[in-house]
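Two complexes follow with chain A in common, the first pairing it with chain B and the second with chain C.
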Partner chain A sequence: MGDLMTKPSATPGPVGAGPAVGTPPRRRRRRVDPTARGVLPFALPAVLATAVLVLVPIGYTIWLSVSDRQADGTNSGFLGLANYAEMFDSPQFWSSLKITLFLFVVCLLLETVLGLALGYVMSLDVPGQRIFQGMMLIPAITASVAVGLVWLLIMDPTLGAANQILGAVGIDPVVWLGDPDVAPWAIALVDIWQWTPFMALIISAGIRSLPEEPFEAAALDGASGWRLAWNVGLPLLRPVLTVAMLLRTVDLVRFFDTIYIMTQGGPVNSTNTLNVYGYNAGFVDNQPSYAATLQIALLALVIMIAGLFTWFRQRAAR
Partner chain B sequence: MTRRLSGVYAAYLVFTIVFFGPVLFMLWSSLRDNVDITGSLFDLGSPLTLDNFTNLFERFAFGRHIANSFIVAGGSTILGLALGAPAAYVIVRRKLAALGFVTLLARMAPGVLFVLPLFVLSIRIGGPDSVALNYALLIVAHLIITLPLCIWLLVPFFEEIPISIEESTLIDGANAWQRFHKIALPLALPGLSVALTLSFVFSWNYFLFALALANERTMPLTVIAFNFIGQGSNDFGGLMAASALISAPALLLTIFAQRWLVRGITGGAVK
Partner chain C sequence: MRQKMLSAGFALALVGGLAVGCGDGGGSGGDANEISIVMSNHPWQKAIEPLIGEFEKSSGVKVNVQTFAEQQARDKISLTLQSRSSSMDVFMTLPSREGLQFAKAGYYAPLDDYMSKSGSYDVADFPAAVKTGMTVQDKTIAAPVNVEGVVLFYNKDLFAQYGVTPPKTLDELPTVAAEIKRKSAGKVTPIALRGQSAALPFTFGPFLHSQGLEWTKPDGTPNFDTPAAADVINRYATLARDFGPPGVANNTFTQSSALFAAGNAAMELESSNEIGSVNDPKTSKVSGKIGVLDFPAGSAGSKSTVLNWGIAMSSYSKNKDAAWKFIEWATGKATQLKLTEGGIAPPRTSVAQDKSYTDTLNTDTLKEWAAALANVQTSGSTEVGPVGVAAPEMRKVVGEAVGKVILGQSDADTAAKEIQTGLTPLLAKNAG
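Our next item is the complex of A and B:
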């Protein structure tokens, strides 16, 4: 997953982390420090590459979404918002949106709660802490294809480890990936397995950097254990928690890899998230313009949710 | 105190079973005969064998697919570093925000959004039929992953370089490029290693672009392993061996460079 980009300290952060994008006061421009003189051209290759690789595809996809490209590669030109109208009329779009939001909410919630628990355990300074941390890191950086394959074996209806373990304690076998009612939960389970440790790692680093004074002060007032964690620790941890949740949010809304590997959106479209729907529209159903429309809608959704998050965060910071 | 310690280790045990268990299960199953796996999934006494791996190389030419993964991940990493290091330096020295914002868009846009235009381009220039063009396309596509990653990883390292070191070279009349590649770059060497390893692994792991763009001969490990499922393969031993090969760089990274990895993942999320 190129999933793990986080915010370097002094640069304007991801997802509008601050008002930093605005133009600096003009006065400052005069006093560019001498070591910064003449460096600007070095950024040119990266700027060009980014423009070509990011802005051009987004622009082209927007164009596709308002025109009518056929499977054979011909494009009969500008179409207005017809593709968008088709999308909003399609029951599959709304059901995909629902699945996308379902996975987003369930996974984010459970990953945060479990991440807090695991993060706390990881932050404790005991012998063997580094080895433990290393083992916990592995799910998050293992390729999704490998993760998907392993979980396919675990969730195999007859041979799978999951059903054999359930059987040993007398629970009937579950059809994990073949039952439309169960499959979304099974997919959520895999994502929670893969990404809880990532949450936990960020949270544990956050816990370790917490100041001690507030805890000492509260302990003097007689607070202890859970109340200390809930009333003092959690509020102090909130900025770190928000960044971790934001990073997961962006990935969860565009959920693709493990779903495509494990179910390709099935059974009966029960795991057909917007991103999987969009991929299938383009590469299986050969409707490039409609697929482009879905991708633009998805990008808008990611930006909207991330924006909402940032808004809450800034309001909370005030 | 000992009671607290045993509580921590009890938690260690539970979390290890849950989060590390499946990985261990994969590695172990990759060393078992498929008949043993299907016969008795948890039989610890069954013999271990390397047959699954030799099979992959003999029957499915995995050597070639491993080489493909190396070419794509290596190429996009080197390119990402070559473009990303100077850019990160400029971002730090000039406090540039705009470039960061565009890389952020790359971080938020769904991968399919990039694949569609790249696919159209690929068809137009004959990408599907040409091995060289196909490699080039895959490397460029993976640059979408590696370039922002390299920039974001390198920025904190350039920030750590004290400005006084560079100011002292101004007296010697060093120009901007000399300051960058003779002074700043060597000092950011640890950062370059972090960016190199992490972006190699992320590019190696990335699935979607190769799924849509690669042809039979340029297919990396991720896609050939995925195709196994499509063929309805019930050779679980083989599938687990393929998974183990795909996971190898990530596992090695965790064993040998855990500190970098933690730094890469937590980055600036935690100060």
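Our next item is the complex of A and C:
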């Protein structure tokens, strides 16, 4: 935030056009003075749009969570923390939290590890590399609803392709989505299929932009193969890796779309993530206030996890 | 720093959707001669959509149709009504499920005045039970569009192949299923039935009612604290676990009918409505080979569940007159007769007895189907699940508890207790 606040240099330009005139060497440090006359009106639309689109819904959701809104749109007023007490008392909330964290950890871990391997392969200059890269993008740009529907067909225990393929090689059929012990893994599998290539793309771009000198220096010192990758490549790649992981984190903690299509949280709530739970509370059980409470809890969870990431990253940078 | 702001931004974007959904949105009412209808993917919707053009021509009212899969349609309807939006004028509704909940929230525009003012509508043509199902606190909340109920479909070829006689009673049902399992060496699923928690009560209810039980006691409290209720849970769960398809815990009518139509299931316990899809030669391998039976009799006889879908007018509609014109046309005699061609069982007595309809029931399958449906209407219970303002939630309580027994996570006694304690506070809401 520091450099945003930096005042312009001692010789200010004409009002409202400050940054246009400046000495070239210092150019990069110069910013619009937010207090200068005539600047504010230009910033106002952006500020207003942000407030309306981001702050108002959050404020409204917080209000819903501490009041008693009925399905008919009337609100019987302030309730205090009653909805939060109900949430912390609900075993369903804790089981949803567990499922949310399970999917988050399993998917993020596997997507990162597989993404690193795939990203390395994609960073190599081999013939056909660009076509391969294009094809890898397909899962990530396909609508999640379509992905969910297709996997639903593939994972049908009797008529689906997955079990037919397993059967052809002599493996017993798997009840992918109908068994509470398997369903969370099946959902994780779909997410890993869909998002590993996305991780790989970011990582391969990161690998390509790494400077060569550290590698050459380490090679001169006798490092090679795994040691080179582990001790030189990975630390250099860390900033890129954390950004990619952070993007996936935010999506994974609020996991919704493929689950909603494939299991709607079933069987018997074994894939009922916080977001699916909150959705059902709002739109099936018609409890808008309780649903808002769950969404606030989800928001807090995302901020906490994203905050942890940022903290780790800053610590590592120091 | 930028990273921190980026992550915060992502996080903030989260709650937007929900809050916007709950806002008191207006939505444009549009032209007075234009209405919007939200429909659920259903045989009735498939049958009526092609006819809407005729209505538009004769009435001059333009109709915008939006169709979604059942759950998504519910979400869309619920969302539109919660936000008091006038963007939807007419919607499909299941009064047995959401009737009380929606009526209490003021979502339905009562149809009584419209019906009595209309010269040709003839409300008396609907059987009393159907009318009662569409009435909440003396107000007509919807107009009935069909009648359906739980019946037992069976694959005649497979039964002949294995030399098995179709079951007539609840006691015979598992025996027959076991015989099919044994004789087909496990290759054929003996019976396809529902396991998904929200959907399960519809096919579970007939087990309860046929054993002489009700969802609730006369004083309005749950009726699951008896050994008889645990026995019913055990019967259903055993059937599903031992003789149902793999993954039955996630199944509803779509999966069951897909299995049955593919010839992979010997029996299917489903709504009579499914005749349209399982007996369609274009989509089914077993069309023409289907037998239809009454729900197997328990100690209290064969007591299925009878269900009517209805179409309702939103109380937030700004084009109520045009909306009524549509409802009047869609549930009138002439249209309901035409809909029978699409396999829709008519709720109107005059249409059900119309010779041009009864003449079309000319195959063994259709004759058996019509007989089973008649039995559904005379002896079926209208209570698909426990009745109350929290009906959808109560169905989930029942479905989840039975589902756990199907999956072997719990036993019937525990499930009965779980239902008893789970339903008690939800039923208590009815008093308020």
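Heads up, the rule we're going with is that the second predicted complex is superposed on the first by the 272 of 318 C-alpha atoms of A that agree within 3 Å, B and C clash if a C-alpha of one lies under 4 Å from a C-alpha of the other, contacts with A are read in each partner's own complex, and residues count from 1 in each chain.
Operating definition for what follows: contacts are C-beta pairs under 8 Å (C-beta built on N, C-alpha and C of every residue); 3 or more make two chains touch, one makes a residue touch a chain.
Bear in mind that the values here come from a model prediction, so they are computed numbers and not experimental data.
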Which superposed partner A:49 touches (first chain B, second chain C, both, neither): first
First (chain B), second (chain C), both or neither touched by A:151: first
Partner contacting more residues of chain A (chain B vs chain C): B
Touched partner set for A:71, first chain B, second chain C, both or neither: second
Partner chain in contact with A:214 - chain B first, chain C second, else both or neither: neither
First, second, both or neither for A:309, with chain B first and chain C second: second
Which superposed partner A:57 touches (first chain B, second chain C, both, neither): both
Common interface residues of chain A - those touching chain B in one complex and chain C in the other: 1, 53-58, 60-61, 64, 73, 159, 243, 247, 250, 254, 278, 282-283, 288, 291-292, 295-296, 298-299, 302-303, 306
Residue ranges of chain C touching chain A (in the complex, touch as defined): 1, 3-4, 6-16, 18-24, 71, 74-75, 78-79, 82-84, 101, 104-107, 189, 195-198, 245-251, 255, 258-259, 262, 264, 390, 392-393, 396, 400, 403-404, 407, 409
For the chain A and chain C complex, residues of the former touching the latter: 1, 53-58, 60-61, 64, 69-73, 156-159, 173, 175-180, 183, 242-243, 246-247, 250, 254, 263-264, 266-269, 278, 282-286, 288, 291-292, 295-296, 298-299, 302-303, 306-307, 309-310, 313
For the chain B and chain A complex, residues of the former touching the latter: 5, 8-9, 11-12, 15-16, 18-20, 22-23, 25-26, 29, 37-38, 41-42, 82-84, 86-87, 89-120, 123, 140, 143-149, 151-152, 155-156, 159, 163, 166-167, 170, 175-177, 179-180, 198, 201-208, 211-212, 221-222, 225-226, 229, 236, 239-240, 242-244, 246-247, 250-251, 253-255, 258, 261-262, 264-271
Residue numbers on chain A that touch chain B, as the complex places them: 1-15, 20-21, 24, 32-40, 42-43, 45-47, 49-51, 53-58, 60-61, 64, 73, 118, 121, 124, 126, 128, 130, 132-146, 148-154, 159-161, 164, 193, 196-198, 201-202, 205-206, 209, 240, 243-244, 247, 250, 254, 256-257, 260-261, 275, 278-279, 282-283, 288, 291-292, 295-296, 298-299, 302-303, 306
